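Next come two complexes, and both contain chain A; in the first it sits with chain B, in the second with chain C.
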Partner chain A sequence: MAGSNAQRAADTPVLEVSRYSLSYATPSGPIHALKNIDLRVAHGQTHGLVGESGSGKSSLAWAILRYLPENAIENDGRLLLSGESLRDRTLPQILEIRGRRISMVFQDPSTSLNPAMRLGEQLSEVLIRHRGLTVQEALEESEAALARTGIAKPRDMLRRYPHEASGGEKQRVVIATAFACNPELIVFDEPTTALDIITAQQILELFNQLQDETSISALYISHDLGLVSRVADVVSVINSGEIVESGPSAEVFRTPGNDYTKALLGAVPNPKQWLGVTEPPSEAPALMSAEGITVEYGRQSLLGQLLAPKPTHLGAQEVSIEVRKGELVGLVGESGSGKSTMGKVLSGLQDFDGNVRFGDRNFARLAEIDRTYRRAVQIVFQHPDASLNPRQRVREILSRPLKLYDIVPREQRAERIAELLEQVRLPQEFANRLPHQLSGGEKQRVAIARAFAAEPELVICDEITASLDVSVQASVAELLVSLQRQTGTACLFITHDLNLVRQLAHRICVMQHGKLMDAFHRDDAEGPDRNPYTRALLKAVPPPASQAA
Partner chain B sequence: MPKAFRTAAGMTGLGLLLLVMGAATLGPLLAPYDPQAFHPAARLQGPSAAHWLGTDQFGRDLLSRLLNGAPSTVFFGLGATLLGVGAGSMIGVIAGTAGGWIDSVIMRILDGLLAVPELLFTLLIVTFLGGGMGQAMLAVAIAFTPGMARIARSSVLSIRTREYVLAAVARGERSPYIVLREVLPNAVGPIIVEATIRVAFAIMIGATLGFLGLGAQPPSTEWGLMVAEARQFMFRNAWTVAVPGVAIAMAAMGFNLFGDALRDSLDPRRSS
Partner chain C sequence: MTLGYLVRRLLAVVLVLFVVTFAVFAITMILPGNAAVMILGEYGTEEAVAAMERRLGLDRPWYIQYLDWIGGILRGDLGQSLRLSLPVSDVVGDAFWNSASLAVTALASVTVIAIPLGVLAAIKRGTVADLVIGIFSYIGASMPEFVTATLLLIFLAGPALGLFPAGGFVSPGESLGGFSSHVVLPAATLGLILTAHISRQVRSEMSEVLSSDYIRAARLKGLRERRVIRRHALPNSLAPAVAVISLDIGYLLGGIIVVEEIFAWPGLGRLLIYALENRDLPVIQAITLVLATVYALSNLLSDIVIAILDPRVRYA
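And now, the complex of A and B:
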């Protein structure tokens, strides 16, 4: 490229979106997904686009890649890639641009890679198609590309199928593919959301390292403010299809100008800000103690063992956890650590070896768990969409525990349901609604109300905030604490979010590979005797930039 | 009217179904002629003012025969399906809820039965039970059972691990409540759709059995038998085959489209 051209290229933004609006035509009228969007990604810049679910951030990514459904209606706004309009390209031209000049990294590497193709084929395909390399050259180049993403044995990895690689390795392959043709722009759509905390941290470091090496321009889409503050130079906050604030990342995070941005930043869990209830005195008796719980998955019958023996897998191994009256204990771990297995054991859904002591009673296996125990220990699940029966109205859902445990006489049930709804801060009219007429946060409130309807002594919360937006997460956590304050119920809070749990829990237990690795009081979280794994977890989730000071 | 029926497909299904069910209830009363009366002078005629749909090889009025045959044809389709769907769903729900070795034993037996093609299976049962309407209906119902059981089971299995079912188990609900109130209402969707498709199949298998002489016996006016009896004269007067054939197709389509709309209207997420 000649000097003057290069100069011009550096001045023209790599991506320029101006006055762009997008809506979707539906039988019940148009839905406005994007309203008058203005956004520029300068050469070598990482532009963070932050928004909650439904904010339109993914619609923008699809519009840039020119991959819109048939019912999409666009206005006459502009989408420019290095000064050239993307909107008047024909499909064959767009196909040349995708992968060559703009590439994309998706959220979940396990669905964005073709399970029937070796990783090497998928990576080299892009090089053959867009850079015209021969198969041999492409494979060599792929190996080099993988090596740059920090994969230890790249040649070996190229021969594997996606199911033979871990989530982190797969995402490295996807990122290597995106960087392979040295595109002008890479769109990252929540690239770490589907990964474990520590893996996500490594991918983030990889991104920053590749960004430094190649000075590629990136549009980094995420719901996670803390994360964006660590990668983006410039950030735009999008809310219901409108960009409400935009500016240099440090500035936006330190001195947000817009109310929505402020609310969003305020909702990010800050481990230094205590939200939980007063800690019960240390001599308070144990309410529930699980002693040496072991869960073996895939256990076979005698006949099965003879015919086709399969290895079993330990979901939990000799795990002991204690919860005192009125206490909130955090149980933290990555996916597959066994934390949900413990939740299932304690809520009577999973058979186990070991002993669960509740009050002065002992339970040595699933069959011994009776209704008295089940009433005293209630569970709230992760997915608000799946935890309520779609065919039952809120009234029926809430009246069930009242009826089952005979908590109030029949004629007082309606009144009690109204009280329960009020306790979880929902209007009384919601009793008539069906679950699909509620938002995610509202559904989760109903699920919490159902658990508290039984007037339990212990509530197990299994990732209850993981499927919710940041701002909703905060209000659900706060609701839980206020219910705890009113009722004195103890709580086992299972989560992967360390920052959140440090705001709520008196004591924290850490699990990995089915084993209890660490258990400590919240004051000792940063103490010197923490397990190395705990320290790695804590290091992987620093608080967002605005709170670091 | 529920929203699901207010689509083109829903309306068509409802219309066809009303037509077929109307014929099945009032048909014999509306027939202009005696369906069994021979008129040797008016054999194999096309449509005319006197005979709207023409006549067959014996000069019998096709419209009258069609209307007269509607009750037995529809009764056959609905009866065989209800029996088969009922038995199959029950077995499937038991297998899906019980799990463990009960499930394994039931499913291995059903897998064996599923290996035999449905029509062949029906024919085998008919050879044991003997020909005739009732026997044919029972045979079709038995042949439907394994497939229905499989569908019911997989539907139950996918619902059984939902969190709202786990929540019911965790709070100590009894099994009947869990199966009847939490699992079944959410598992019926695929069962209903499959059932309505199978009504159409049952009518067609019934017609096939009639055609082969194993179902309804002459002089019955069951539609499949009408096609069978008319087939030798197909090239002299296509109406003799087309009239009952189109009627079977209309009934089958009516049930199919109605089933789709019914499923949508039973789903609270789609109906509002």
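And now, the complex of A and C:
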């Protein structure tokens, strides 16, 4: 009897979603977030759910955890956890299920942990709540749980506050918390997106290791197809609330059946597919060369030094970078590596020590940077939401540089704006729009058009694709290259995405902790004389699965 | 928080108070009619005024007078009240304790009432409870003390109800019951605006914290709502509220002057008005100095409390 029961339990999927639809009531009518979803997570299986932002993938996670806003409207579809319906549970019953039978790992450990509580308390409270342990027992158990996630000194970590731990350590605490009560299902919501490349790789390895040890069932939500192909047994691709394709991951990645999946796979940056412009001849003169740039943050006033001296922090340390005419140079590094600091220095936004040589002129500090330089060197920022004035129409945004640098006579400005919009492949009517009436990709195109409006010689792109979806990223990168081809403008492309930069850049510079670690030609990326750090970065981002397979 | 930080902050407080003494002294020097004229009255002869100035030391250069005054303060001697013929330290000391009993009562009851009200409003956001608390807060915050005081006097101390005495003071050492019945109306007057202000502040901080990722994470761990609110949300929303409370102490010090006058409470406020009316310069100087000290120290105290509530705040 017991045997057949166990057999039946193993046959019943841990999670079964069938014909489930969800929409949100808004004043302007319902928004359909999920349409007729069917999804099964078998025992011990990792099910990948891949989609872009707004595809409804997070809504499904909230629905499973029964954490829906008041304006949510559900149809009569089913949500079953090991055969039991989640939908007819009362809130107290749901509170017994959350954390004990279904737990969750969140995207950003720096916001999902309470800043005012010690990590130990945040981990042990689930054990106290769901397994009725005493504080002391729970802390001992937490220590063991943390040790399993590869934390070297778990006892010490338990006593720390979140701000005293690194991003990787915090995510390990979150993962240990999710595994603490041995749940039937763990929902992973983009657990590596907010982490640095190498840390993300380690977390992924940890996931695979824990998966092997515990044979937990997981729903792994991500926008990153390449990544999902490395963790999931089965994958479902979701697009505007509908699952468009589902199957064993190897199959879906090798032979995608659906057009959307194909488009998604095609948009994943692949270093083997060169997109960039023809490389300028190696004897071409340097357009801009930064020599020994050092930036010191946290300099204090004299009084501040007397009252409370604090150590300064070097944002950049003796960094030298050269960009030739018409060249695209990639500047790669993790967060805090100083790559954005260099972007700020070169666009004249940050004081520095050292020398910036531009053409035949030299600049030794911020105060020497003048209008001519500022016109010749333009910058595009990461978040178009923050860099476009929300109260200005696209027309005003684009006319600012035209006016400021007197690019065209007043009567030709409207015509010029139309040309610029055409160059970035936006309809001319967009001139009348406000930034909030544009999508993320469209906004970034406007920001690019604004940079090119000044007819610069060098454009600095600071993580311009980082806040965009994969499919939009590809088109923005392609646009940048076509503008480069038309105008011959040089470009410094700052990014953390190695695969993307290898498609675009002629030369790549690698920064870490404010220092330039490595600089190499794209053909030498896998060469034997690469810096160990460069090699670690390259190893952490293997080329996408479809090509690897 | 290090000992070095505390020492530096205390030094800064001393520096601020030094600047305050200088400003207070300068103002009293600039005011027309010095103490000698005040004592002798308008019709004092020039000779009599000169003799009185010599006796009081007012004929000396200003910096000598200033150093003399500062030296006295450091020895605990604030001089002699010109009108009351009593040592300033005795007069101001008594008034200080009377005022402190009123201010502490007001602040304590405000804290006890305002924080739960703010938390309640945030939890019940958008409901009738939130609306009622909101309306109460707006009315409270928009009424000046003399209006509140008058309304309270009419309704609660008037002949119809007569629940509380209309004014006066009984020291808590003498009769705790007497003190309590006398302190209710002035403390309520002071407290109404503060309650409104602080509960709004707590509500907005709490709402923000409740919509944060870590509260969602706590709920998705299956924790009971009571623990989510008390352990996860409250400490994070109190730190900013404490900063506001410490700023409100500045308001309290101003409000106390009006309220003490209305309710005949023999504290610093009332004494200050009396001293101003009578040009009792040593008393004015002493009270100003005491108020500045209280304000500076309460700010330091709030920074310490914030550091305890929020582990990310580190003073070194």
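By definition in this document, the second predicted complex is superposed on the first by the 547 of 549 C-alpha atoms of A that agree within 3 Å, B and C clash if a C-alpha of one lies under 4 Å from a C-alpha of the other, contacts with A are read in each partner's own complex, and residues count from 1 in each chain.
Everything below uses one rule, namely that contacts are C-beta pairs under 8 Å (C-beta built on N, C-alpha and C of every residue); 3 or more make two chains touch, one makes a residue touch a chain.
Not measured: the values here are computed from a predicted model.
Looking at the shared chain after the overlay, A:Leu434 reaches chain B, while chain C stays out of its contact range. Contacts of A:Arg391 after superposition on the shared chain: chain B is touched, whereas chain C is not.
In the superposed pair of complexes, A:His130 makes contact with chain C only, with no contact to chain B. Legend: residue contacts after superposition of the two complexes on their common chain; A:Ala454 is shown touching chain B, with no touch to chain C.
Touch criterion met: A:Ile379 reaches chain B, while chain C stays clear of it. With both structures placed on the common chain, the touch criterion links A:Ala116 to chain C but leaves chain B unconnected.
In the superposition on chain A, contact is made by A:Asp108 with chain C only, not with chain B.
The interface of chain A with chain B does not overlap its interface with chain C at any residue. Interface residues of chain A, counted against chain B in their complex, comprise 301, 347-349, 370-371, 374-375, 378-379, 381-383, 386-392, 400-401, 404, 434, 436-437, 447, 450, 454. Listed in rising order, the residues of chain C touching chain A in the complex are 5, 8, 12, 212-214, 216-224, 227, 231-232, 235-236, 309-312, 316. By the touch criterion stated above, chain A contacts chain C in their complex at residues 65, 67, 94-100, 103-104, 106, 108, 111-117, 125-126, 129-130, 161, 163, 174, 177, 307-308, 310. Per the touch definition, chain B reaches chain A in the complex via residues 101, 162-164, 166-173, 181-182, 185-186, 268-269, 272.
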